[in-house]
Amino acid sequence: MDGWHLVAAVIYAAGGGYKSLERDIFANLSPLDHRYYASNPELFDDLARYLSENAFVHYQLLVETALVRALAKRGLCSASIAEEVARACAEVSPEEVYAEEELTHHNVRALVNCIQRRVSPGARPFVHLTATSVDILDTANALRLRRVNDEVILPGAAALLRVLIDLARRERETVQIGRTHGQHAVPITFGFAVAQYVSRLGTRIELMRTAARGLKGKMAGAVGAYNASSLFFADPEAFEAEVLAELGLEPAPISTQIVPPEYVLDYLHALVSAFGVLANLADDMRHLQRTEIAEVGEAFTATQVGSSTMPHKRNPWNFEHVKSLWKEFTPRILTHYMDQISEHQRDLSNSASGRFIPEIVAGLAAAVERLNKVMSRLVVDHEHMQANLAMTAETVIAEPLYILLAYLGEPKAHETVRLLTLEAEERGLTLRRLLVEQPERFPFLNDMTDEQREILAHPERYTGRAATKTAQICGYWENKLAEMGL
Amino acid sequence: MDGWHLVAAVIYAAGGGYKSLERDIFANLSPLDHRYYASNPELFDDLARYLSENAFVHYQLLVETALVRALAKRGLCSASIAEEVARACAEVSPEEVYAEEELTHHNVRALVNCIQRRVSPGARPFVHLTATSVDILDTANALRLRRVNDEVILPGAAALLRVLIDLARRERETVQIGRTHGQHAVPITFGFAVAQYVSRLGTRIELMRTAARGLKGKMAGAVGAYNASSLFFADPEAFEAEVLAELGLEPAPISTQIVPPEYVLDYLHALVSAFGVLANLADDMRHLQRTEIAEVGEAFTATQVGSSTMPHKRNPWNFEHVKSLWKEFTPRILTHYMDQISEHQRDLSNSASGRFIPEIVAGLAAAVERLNKVMSRLVVDHEHMQANLAMTAETVIAEPLYILLAYLGEPKAHETVRLLTLEAEERGLTLRRLLVEQPERFPFLNDMTDEQREILAHPERYTGRAATKTAQICGYWENKLAEMGL
Amino acid sequence: MDGWHLVAAVIYAAGGGYKSLERDIFANLSPLDHRYYASNPELFDDLARYLSENAFVHYQLLVETALVRALAKRGLCSASIAEEVARACAEVSPEEVYAEEELTHHNVRALVNCIQRRVSPGARPFVHLTATSVDILDTANALRLRRVNDEVILPGAAALLRVLIDLARRERETVQIGRTHGQHAVPITFGFAVAQYVSRLGTRIELMRTAARGLKGKMAGAVGAYNASSLFFADPEAFEAEVLAELGLEPAPISTQIVPPEYVLDYLHALVSAFGVLANLADDMRHLQRTEIAEVGEAFTATQVGSSTMPHKRNPWNFEHVKSLWKEFTPRILTHYMDQISEHQRDLSNSASGRFIPEIVAGLAAAVERLNKVMSRLVVDHEHMQANLAMTAETVIAEPLYILLAYLGEPKAHETVRLLTLEAEERGLTLRRLLVEQPERFPFLNDMTDEQREILAHPERYTGRAATKTAQICGYWENKLAEMGL
Amino acid sequence: MDGWHLVAAVIYAAGGGYKSLERDIFANLSPLDHRYYASNPELFDDLARYLSENAFVHYQLLVETALVRALAKRGLCSASIAEEVARACAEVSPEEVYAEEELTHHNVRALVNCIQRRVSPGARPFVHLTATSVDILDTANALRLRRVNDEVILPGAAALLRVLIDLARRERETVQIGRTHGQHAVPITFGFAVAQYVSRLGTRIELMRTAARGLKGKMAGAVGAYNASSLFFADPEAFEAEVLAELGLEPAPISTQIVPPEYVLDYLHALVSAFGVLANLADDMRHLQRTEIAEVGEAFTATQVGSSTMPHKRNPWNFEHVKSLWKEFTPRILTHYMDQISEHQRDLSNSASGRFIPEIVAGLAAAVERLNKVMSRLVVDHEHMQANLAMTAETVIAEPLYILLAYLGEPKAHETVRLLTLEAEERGLTLRRLLVEQPERFPFLNDMTDEQREILAHPERYTGRAATKTAQICGYWENKLAEMGL
């Protein structure tokens, strides 16, 4: 309890007013509040507008304002009272609320006291009337999550999607060896590889958008049965909908003291599964940047240091950072699966854990921004891509050869090609050369079409629909983004 | 490798044919395959039709059949060849495939060999033509997951939902004290408490249905670019859609070697979040069954033993079981968030982990069935419910009193009521009595409506919209189930 | 990158010196850095001495100091150079390092530059000589984790353990009904219930202590093979041990660029499993505080508000808070199991995630402190405890009855007692009464000892060794704490 | 409940006796019970001796046997009665217990009934006397986990460790480029890279051993207070220790109905963190097998198929399999952190989840065996290793150059070398060549020792202590294994 006294003392120190409690950011414990803030203050200031404690108090005040306005529309109080309360809400500061909480040990009661203290006695009864604390808290949370999603997360993700679309289009004809199991498989184009992420990220953007719009508020009272509001209204559910409509939200179909946890959980699933897509992209880029592969690289600034002892190193640290953030934030969704359990009409054991949701949102935002920067200046090394392709070009024709042989009636085509591959390897020949040398062994070769023979001769043309598919996916998502207004 | 030899030896032992590899179920390691199977063979036999290895091979054969039929429709082979292959597929047994895999060390190649061996030389080239292994595997998995969802999971969940609807309706007027923080709050009805689960489970049923219908197949080849199928078709994407249409599936918008992992992941999120709803329900029932609360109970059979040393015990072991299953299966979704990362055109590190997905599905099915049984015979102890309500009836009017006082202009209503509560406690009075005793202290009481005064006099009527909301939620979901054909 | 410019601008703004970057704490995103800091600034200021970014930079400077002193002891540089560097290290501020990092984009290089800039040209070569960045970072982390464990975590946990020991001793004879499955079982004492947590928490304290002492440093260079230090020393492993000995640490037996991740992981397991013990304790207290059970309670302050609309509520919010913190932090250990994978001689994907370890430590510290406060003023309601015990006193003798009957040769004792329990219930009798009524049905009763019959007559004496075991456990841990110097 | 009837019917069908319930393994749901069993029946039969349901019943019977023997030693019954019970225990089959459980709905009561039915009336009272079900179950579990650890897990892990020791020794002088961030760093030896895993796996073996030996039993009755055994003994704690000593176990210092969960949890942490070491090893080998790197390979059999459509592929599927198993089993530890919470003297919500622990043990055993096979026949491609090293040999001297320059007083050594590296790159020269060309730019070069200059000339000698450290680590663990009797 002493802690609160100390804080209050500091806050009160301004004498009369309330001053904010300033602290050196490097005294903070969360890297979000020191290192990541310091490295990207614009983004984190943006996020703080929704996710900080200041913001949370602000959003609670928005809900209190919506409530009193809805009361006025119903005629319980006058419009001028509603506006008096609204003005008071606009003035209350988080510092004041925290100082008050020292006395009440209850955050929403403190908030209400701070509002009431600023309005005339006649207005006081209408502050918070019919509401329970969680009506305010859960609604404020839904609102700020929806807004941070609409105003920070989706624009950021859409910007990244556009970077990926541009990259995929630019590289849609760039032949690259496809890799499965880390082994060369058959060719694709680099644009096609990127188009995978266009499609996967696009799909996650849609899901985050849908899930955020599905977030619900409530104004159903202490156990969700509208006990209190029923004292005043015959149709308290309609009144609930009116309050929430002031904020652009809809009520949950039914609530206990809390909104059913699944709406926030679905949103977190959308976030965390989007994070997984980013992590896979980062991992791919990281591996393509390996010294031996060297197909892509991050553009470095002139003064940047790769390693403190190895001055020649150029590390994919941005991609590694994204992967690492993913590892940090993904397991945290478990907390919220656990928070689906709240005993009876609620226990409070989801309260502290719910307060960490902003960290997950901020983590994703940071990863998106980081990828955006590094992908938008990605250097594609076409020469190395070509050289890597050439390493196995001769053997990758094994696949079309097998398929065509099988189609043309070679009874054990798969086995035949496998043995030919080994034979070619042993004799130091290319597979194609082997075919040409002994045409009598492969009578069916004559039955191939010209295009088919072309592919056996030019493995780099064996890219199927990579380029057209890339174009199609990019077009689809460009339109979709426009449609979503992003 | 020797393991395979042994298995193959056992399988071959039948001499010519293949015999199934039988084993005592109690030699199995997974409780799903011994204890839970033994306790519910009907359900687990049902599940095995989709989720066992037998089923998986069967579904792979369905995909191979769909492929050859689509080839025939395109004219690459005759309809009679397609039907010859289809007949072969209907005959291949998992045992045969496993025996073949001993030689190939590759499960889909083994499958293809087994099919080819059963058809005429002219038909062989058309088996598996243009496909890569994962085309078959991912498509088979999507199909069986969708079907087990439609045919086992959803019907089971719908049956449970109906049980809950019936219970909620039956108890919609039964007054129960609402509990927040494990403390008595204000009254609801027991039906209203159950209606929460009607709504939450209903919402999850919808999500499972949507997510399962969103599962995608693919027939896009080794790296997703239709390299092989492009050798035969100018429009391989259309061909892919045709193959999958044979199975009632749609292709992923774009694939690597694998279908993008998010479709299965979204389905698992639906499953696991449904599990959370069940766990919360189970937990609530468990606590309502506490000796001191005793508002509900499981009906026991005559010979059932509660405890080996405490013969008087009647434990909520079914509810505990459901909670325990939830703890087992929920963390497993992390595996699939991790499986979102697959390097480049795929690495195989999602293969073993993907094989455990059936365990999650089975776990949920078992929990649904268990809850279904126990909820359908739930004993509600109305007397105890009444008695518990009475414990705090006098103090629960604190809420309406505070709200009405505040509304009527009492300046510090919350504080006033809090102090009155303490005062009543100290003086051994009821809160209501305190009001009646000293009317002069509460001049605003006269301004209340009759209904409002009624509620202060009869706390058990302070249930707000509990009963009507219950009816509305039950009606909504009854219709919705019908609409979904469940 | 612009972010860094902004930060640097702010930092440089002081003109010449570096000023700290102050920010309103309520602008922070992590609840640890606003709400929990505000509610407990002493604890969080304590923690910040080890876990903030200021502290991390400080610990890195300690490692650089240790390194140069070890170099001097080896004669590579003079003692006066070592002390010159040590003085410089004492002066470098985190702000300066962050400003420098803007240019280098490399945190340890920035640190080294800041040190070098403060020393004479002749001393510069010896700053960081032979070290790689991670030598400094991993060693600094091991050191600060060990110290925060010794100086904050263990003293806090020991204080809580003492509170529990006192409580267990005080209540060691207080009979309480034992509960299994939420059902009354047979009696224990409340002290015995608390003694479980004495033993479990004590064991975790030992494990945290051992694991923290097992944390290792390294000074083995960029890939762990002492490549750089081998340029100067024939015995670089001995030199590594010397540097670390300056700090009271030991080197890992072998390293890559990083210390093997298992040491930190073992420590996190110790922390998180200690958290689980706290959560179980909190959960038990929460349930014992249920309105219907009411065996314990939190002491409330006079002005504290239980609920914003229900002024009569007295919620176990401290216990709920601890449970909630546990849900937040426990899943995070998964991140560090994932961080066991670092490719080859390291990839950087454990870097961001590693920076969140302080949050876990702080979460546990906050939970310990909270429990400490609430357990030390726990109100035990002996009357309610007694009353609850009385509810089922007559039926709990079922257990000794069954056991004694069985022992005395009653062939189906368990079944007999079960049926008797049902019979008693139906006839509205106590079990004991039933026995007394029809002695002819139970001839073996005569064979009991007096003590045995006593227990059947006085179920509250059927507490076995609860009291003595409590005393023994409390004594053991009191000694153990002394032994550990805690 | 009908399920049990069906099962019982099947079991009873043999008429009089009990027959085992056989089922096609491919009808099982868990891959452990079909695919992984089929691929490795020796290992899985081994595991089944401890981890199957058959084994669990068997271990429960061992505990019942130990109990009655301890009773006899105390003189409560005769030695011949104890042996009569012991013989009965040896005869009871799991099928019989399951059939009995159909009636009792209680597994341990069923077990006790099955034993009692086989002994004389005079012996019956002494079966299970003083015990509660969980005394038997928790003790049986501790015993079988300890044994499977000693007899399967540790020998398997030790065999793998020896394979790694052999490999590390064989390759201890084989120079390999060290890689950090996937980028070439400075050289190590391949043996040194393997030695990391020797040390990390060795450390985990020790931890698994310690943790398994720390597993505890109990014989403390229904709520842990020895209520029942106190009816017979003045020193029931001593009696508990005697029973457990029959089995080579020690009692927990204090129990509720269950053994405190931390002992099993610590063991699971040991298992899962060992799994992480295997996964890292597998991941490294996987990447070293990439087409472009090709430093290691799995030996393939002649008939093995790499890909169904790409006959030329040689995939690291064993390593991928191990990684995938790790992803499957690692998150499961969360279940057991959650199981630390058991309300009051226990709730049953850890029961189903506890039954899946064998899956984790089996998963690790499978991964160990798989790695053992593939690592023992790992092909190291020295030529490729050499070629990869050569790629960057000239630039890796940047590190020693920087360090030596710095040491020799070059004021901005790091920056100098970074710029030189860029300069060399631009001019198409090696770094060393650059130095040689313009000696006047680097006057300090003359101050180097011969050895130092040697390293700049022969980067492949810049491996520090890689070889000697490898030898030391291998020696240490070879001795340690011997010491542990493994």
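All chains are identified by letter, namely A, B, C and D, in their written order; residue positions are counted from 1 within each chain.
Here, a residue touches a chain if its C-beta (ideal position, glycine included) is under 8 Å from a C-beta of that chain, and two chains touch if they have at least 3 such contacts.
Predicted model only: the values in this text are computed from it and were never measured.
> Give the label of the chain whose average Cα location is farthest from that of chain A.
D
> Between B-C and A-C, which chain pair is linked by the larger number of C-beta contacts?
Pair with more contacting C-beta pairs, B-C versus A-C: A-C.
> Just how far, in Å, is the C-alpha centre of chain C from the one of chain B?
Whole-Å distance between the two chain centres: 34.
> Whole-Å distance, chain A centre to chain C centre, using C-alpha means?
Spacing between the chain centres: roughly 31 Å.
> If I count partner chains per residue in chain A, which residues reach a count of at least 2?
Expected reply: 109, 112, 179-182, 185-186, 221-222, 228, 286-287, 305-310, 315, 317, 320, 330-331, 333-334, 338, 347-348, 399, 403, 414.
> Write out the stretch or stretches of chain B touching chain D in their complex.
Touch residues, chain B against chain D: 1-4, 6-7, 20-35, 37-44, 47-48, 51-54, 57, 94-95, 98, 103-106, 108-109, 112, 128, 131-133, 221-222, 228, 286, 301, 303-310, 315, 317, 320-321, 323-325, 327-328, 330-335, 338-339, 347-356, 358-359, 362, 373.
> Which bits of chain D are touching chain A when the two form their complex?
177, 179-186, 286-287, 289-293, 305-317, 320, 331, 334, 338, 388, 391-392, 395-396, 398-399, 402-403, 414-415, 417-418, 421, 431
> Okay, in this complex, where on chain A does chain B touch?
Checking each residue of chain A against chain B gives 109, 112, 121-122, 124-126, 129-130, 178-182, 185-189, 192-193, 195-196, 199-200, 203-204, 207, 221-232, 236-237, 253-257, 260-262, 265-266, 269, 272-273, 276-277, 279-280, 283-284, 287, 330-331, 333-334, 337-338, 340-348, 399-400, 403-404, 406-411, 413-414, 451-452, 455, 462-466, 469, 473, 476.
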